[in-house]
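There are structures below to look over.
Shared chain: chain A. Partners: chain B in the first complex, chain C in the second.
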Partner chain A sequence: MTVPPARGILAYRNEAIGALLWALGLALPAVLDSSWVAVAAIFAIYAITALSEDVILGRGGMFDMGHAVYFGIGAYVTAILNTEFGWPIFATLPFAILAAAAVGALLAAPLIRLRGDYLLVATIGFNAIFVLAMQNNLAGITGGSDGLTGLDVPVLFGLPLESQSAMFWLDWVALGIVMVLMRNLDRCEFGRTLRYLKQDELAATTLGVDARAAKTLAFAVGAGLAGLAGTLFAVQLSTVSPTSFVFTESVTLFAIVIVGGKGSVPGVLLGTALMFVVPQFFRQFATYRYFAFGFAMIAVMVLRPQGLWPRRIQNE
Partner chain B sequence: MGTFVQQVFNGLTVGGIYALIALGYTMVYGVMRLINFAHGDLCILGAFIGLTLLSGAAGSGHPGVALLLLAFVLAIAVVAAAGVLLEFVAYRPLRRADRLAAVVSALGASVLIENGIMIVWGPNVHVFPSGLLPETVWHVAGAAITFVQVLIILASVVLMAALYVFVHHTKFGTAIRAAAIDQDTARLMGINVNRVIVTVFVVGPALGAIGGLFVGVYYREAYFTMGWVYGLYAFIAAILGGIGNIPGAMLGGVLLGLFNAFAAGYISSSWQDAITFALLIGILLVRPTGLLGERVAEKV
Partner chain C sequence: MSALLELRSVGISFGGLRAVDQLSFSVAEGQIVGLIGPNGAGKTTVFNLITGVYRPTNGEILWQGSRITGLRPHRVAALGIRRTFQTIRLFAEMSVFENVRAGCHLGVRQHWWQGVLQLPAQRREEAELAERTHAVLRRLQLETHANDLAVSLPYGLQRRVELARTLVGEPKLVILDEPAAGLNDAESEALNETILGVRASGITVLLVEHDMNVVMKVSDHIVVLNFGRLIAEGDAVAIRDNSAVIEAYLGREDEEAAA
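== the complex of A and B ==
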């Protein structure tokens, strides 16, 4: 083990810029009207989901094209526990995260030995099965195609988060926490293990890395974070239905990570903004919106195959 | 007994369509290691082109069979051209790039074609004109078998046999198989790999256009998101048979068609897709290279 070189204040420049932008973001409700605050809140939620996809796809190098499943499990666990059993929203949060993480690990464990494209196909399959199970009202508690409605307002320390601004701040703080987690993931042992496995799995295994355990853990972490985003999503919309978690949502999350830049926090955030916020400006052009969207996906990949804001190559 | 025979014929019809579409996935994957997510949408583009011609000419007094042939020729020509254009614009620049960049480019192409179809033909479900083909129905062992079903089954068999001969018994087919095993070595042996790839993007979409038009003629409808539905099924068929393996795609298509027909007929149609995907995941777990084994050289 080498001692890391002393890091000057400049080494934290990116972190400082990120923290500053995040802090400025807290003021968004002061300058935007309520419908755009809702867009900003949903941006924060999708950004968390995209960052969680990045743990599996970008950092773990596993082709997960069914990530909406874990997002959906978080949302459904919160919605079911709240509407059917009357649990307060924040009490459901740990269960939403754990349930999503457990499903992620259980589904992934037998499949991670499959080669990339087969994993991709299997996760598409999970997504289709999940949506059908929700639509067909599995166990009579998912509400079928209409889903579940009428979630409570979340109450934090006796303070109901009723206004759209309050909910935005909740989502924004969650996004901040996840960004710090992602930064730390780069530097902790688990993050290094994933990078090593991606570069050379055989060499890593001969040095005693348990590839299967590390990859399963990556799935669990990514799925758990998506579960967190799912809870926030259920709260924001106060309703949960299968259409929010269909396969095309997974495709969008997958594309956000690749278009933005694998393993790069600013890249994934930029990708989320481009694939989610920019289309909101073009609502009146609904017919041509997705046509242009598809064209943009091809154009970005052809012009910048490494993504818009790729991860810096670090000498570590 | 009647239900059983009926489901066998329904399954063979749908299976033939799946197989025709699956061949496009498997040929492209075999040569380029790329899941061409836009393939399903290309096939449905074929259905819409055929639909426009047939509805425009319906009631004009022309014989149905001649019109139908013209519709197929036109659909094949346009879709094959679109396939070549797609390869040139969206895939060729990414041949040496990270594989995921090509995957996202393919997804973008799928969104583009799907919404292009919506812009041109609108978001509604279109109905295929009736009376183009004989409405003959044969009754066999208590099952009703229509002329369209027999036509689709026979045409699929003939087309697949022709493709098999082309790939396995011609010089150009040998070049395709060589490029699928190792592009660089194939190039050293004097094979023009670019020409092989263009051929694959002509033959695959051409067969897919026929499959897509059969979908329209069989179900008598076309809508712009249909590419995903049939594309995904055909893709599963290609995986079932072993991706990159041409006879495998044929077998996978027919088996998946039969499986779907029986699942819908005997179990429950609302869980049909879930059962199909569960079968797919099960097969991937037990036999990851598909039933006949993949014909793809392992990339190291």
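== the complex of A and C ==
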């Protein structure tokens, strides 16, 4: 079985198609009404979150079933700094990213040695604690079950991003940046180290890989990106409440990576589209739309366990 | 010659089983040392103790004179010790090239953010890593398989890929766990050449091997274990004539011959 050299025409073709689709996406506000532009914006935000889960789950092979926590931390940091302290939205962004990354690293550090299934249960525990803490108005600044409302409109270089289209473009540009970062992850030692650990931890450590450090970093990076998405989410809804970050959200993010294709950017984007965009077309069926969705997940796992668009094996 | 690696009264117990007991031997720089013994004698356990996979219950392991007992595996690797595994452990979803490049990990200087941003210094280093990897692939005649999925290769080639992965990191000592297992005669003959070539490039070799043909031909020094204890050591001739060894290990072949 020979693997085609990855830096061949094929690799560049896929990247070119990705870049083209992204550029075409910029024109979505011209062809969609504003409620669909909002769907597209939410898609971009969830796509970033799912890609951030992919760093930990897809590339690192660590069963993180509490990823909504980091997404939530980003959203809450932005909401709190903006509504309680009056910070401009963009000033909150670095803090949202750093706070989520720090929590990711801190939670991960003691858990990193747990085997897959134990890690999974532990991260579910963190998710439950996070939601309860937010609901119970932790430190009097999270707004309890209702959350926080009335976030300001983000202002970029003196330009308020008021319209849904402007906010969509913000999210779309952020998604484009994250897609490039994820592609680069495949071409550097950090990204490869995660794959070594995922495929054979013992072999990796005897080659000098510091498993604890690499896995903690993966959690920090994945959580930080989720924090970025959290800020965008808070801005899009202009409100933040605990229900957006419950355990089932984490399950969905987990499922997107598995169904779409672990470690594959197009796979994760496809998974996100199936999970968040397709259900929008079936709104009239109300909750039954998730019924079909459940069957689709089962079908993919049985018929195509490697995911819809699996990762290609690469060389250089 | 100075001792590169030294074990002093090293022992480990698993539950009530004393897998390795009071084991002392040393590996001199530039030698090929063979570790032999019947099945279950504790040979692989010794390798796991040296490489930090297991922590010894008692005793000391010295590397160039300083204690390394209980260091975690990645720290042991950083000293310049690399190993292969009895059951080949290649990265299953990676090509031969990628598997071998993994052995460069410790020499990599780039920071994660340099990689994620694809900064020029990082890209230069990537080119260097590829070059180093290809050089080792050429040396071990694996170049034509560079883009093959490593685990799809025949057994003998997989062993060679694993060896290439240890050599690309420019180690001081390589530990080979049954490198001839599953090889045919021609392949094991080629392996002898490869092992001698490794030593000729200045790397010390410690190997566990069942294939007497390999051990006797390449080893400068042989250490014989039985039930976790050292029962003899010396060169090939001394070991061949040692009555304790014949009884414990080679004796089986005598019985077969007699039968």
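Operating definition for what follows: the second predicted complex is superposed on the first by the 302 of 316 C-alpha atoms of A that agree within 3 Å, B and C clash if a C-alpha of one lies under 4 Å from a C-alpha of the other, contacts with A are read in each partner's own complex, and residues count from 1 in each chain.
Note that a contact is a pair of C-beta atoms (placed from the backbone, for glycine too) under 8 Å apart; a residue touches a chain by one contact, two chains touch by 3 or more.
In this text, all values refer to a predicted model and were calculated from it rather than measured experimentally.
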Chain A as common anchor, with chain B and chain C clashing or fitting: fit
Degrees between the directions from chain A toward chain B and toward chain C, using C-alpha centres, nearest 10: 80
Which superposed partner A:V259 touches (first chain B, second chain C, both, neither): first
Which of chain B and chain C A:A139 touches, first, second, both or neither: neither
Which superposed partner A:G208 touches (first chain B, second chain C, both, neither): second
Partner chain(s) touched by A:Y118 [first = chain B, second = chain C, both, neither]: first
Partner chain(s) touched by A:A27 [first = chain B, second = chain C, both, neither]: neither
First (chain B), second (chain C), both or neither touched by A:D200: second
Which superposed partner A:L159 touches (first chain B, second chain C, both, neither): neither
Where chain B and chain C come nearest after superposition, their Cα distance in Å: 11
Shared contact residues on chain A - chain B and chain C: none
Chain A residues touching chain C - in the complex, by the definition given at the top: 1-5, 181, 184-185, 187-193, 195-196, 199-200, 202-211, 217, 221, 313-316
For the chain B and chain A complex, residues of the former touching the latter: 29, 33, 35, 89-90, 93-94, 97-105, 107-116, 118-119, 232, 235-236, 239, 243, 270-271, 273-274, 277-278, 280-281, 284-285, 288
For the chain C and chain A complex, residues of the former touching the latter: 51, 53, 72-74, 76-78, 82-83, 85, 89-95, 97-98, 101-103, 105-106, 108, 110, 112, 114-118, 122, 126, 130, 146-149, 152, 165, 169
Residue ranges of chain A touching chain B (in the complex, touch as defined): 57, 63, 110-111, 114-118, 120-122, 124-126, 128-129, 132-133, 135-136, 251, 254-255, 258-259, 262, 287-288, 290-291, 293-298, 301-302, 305-306
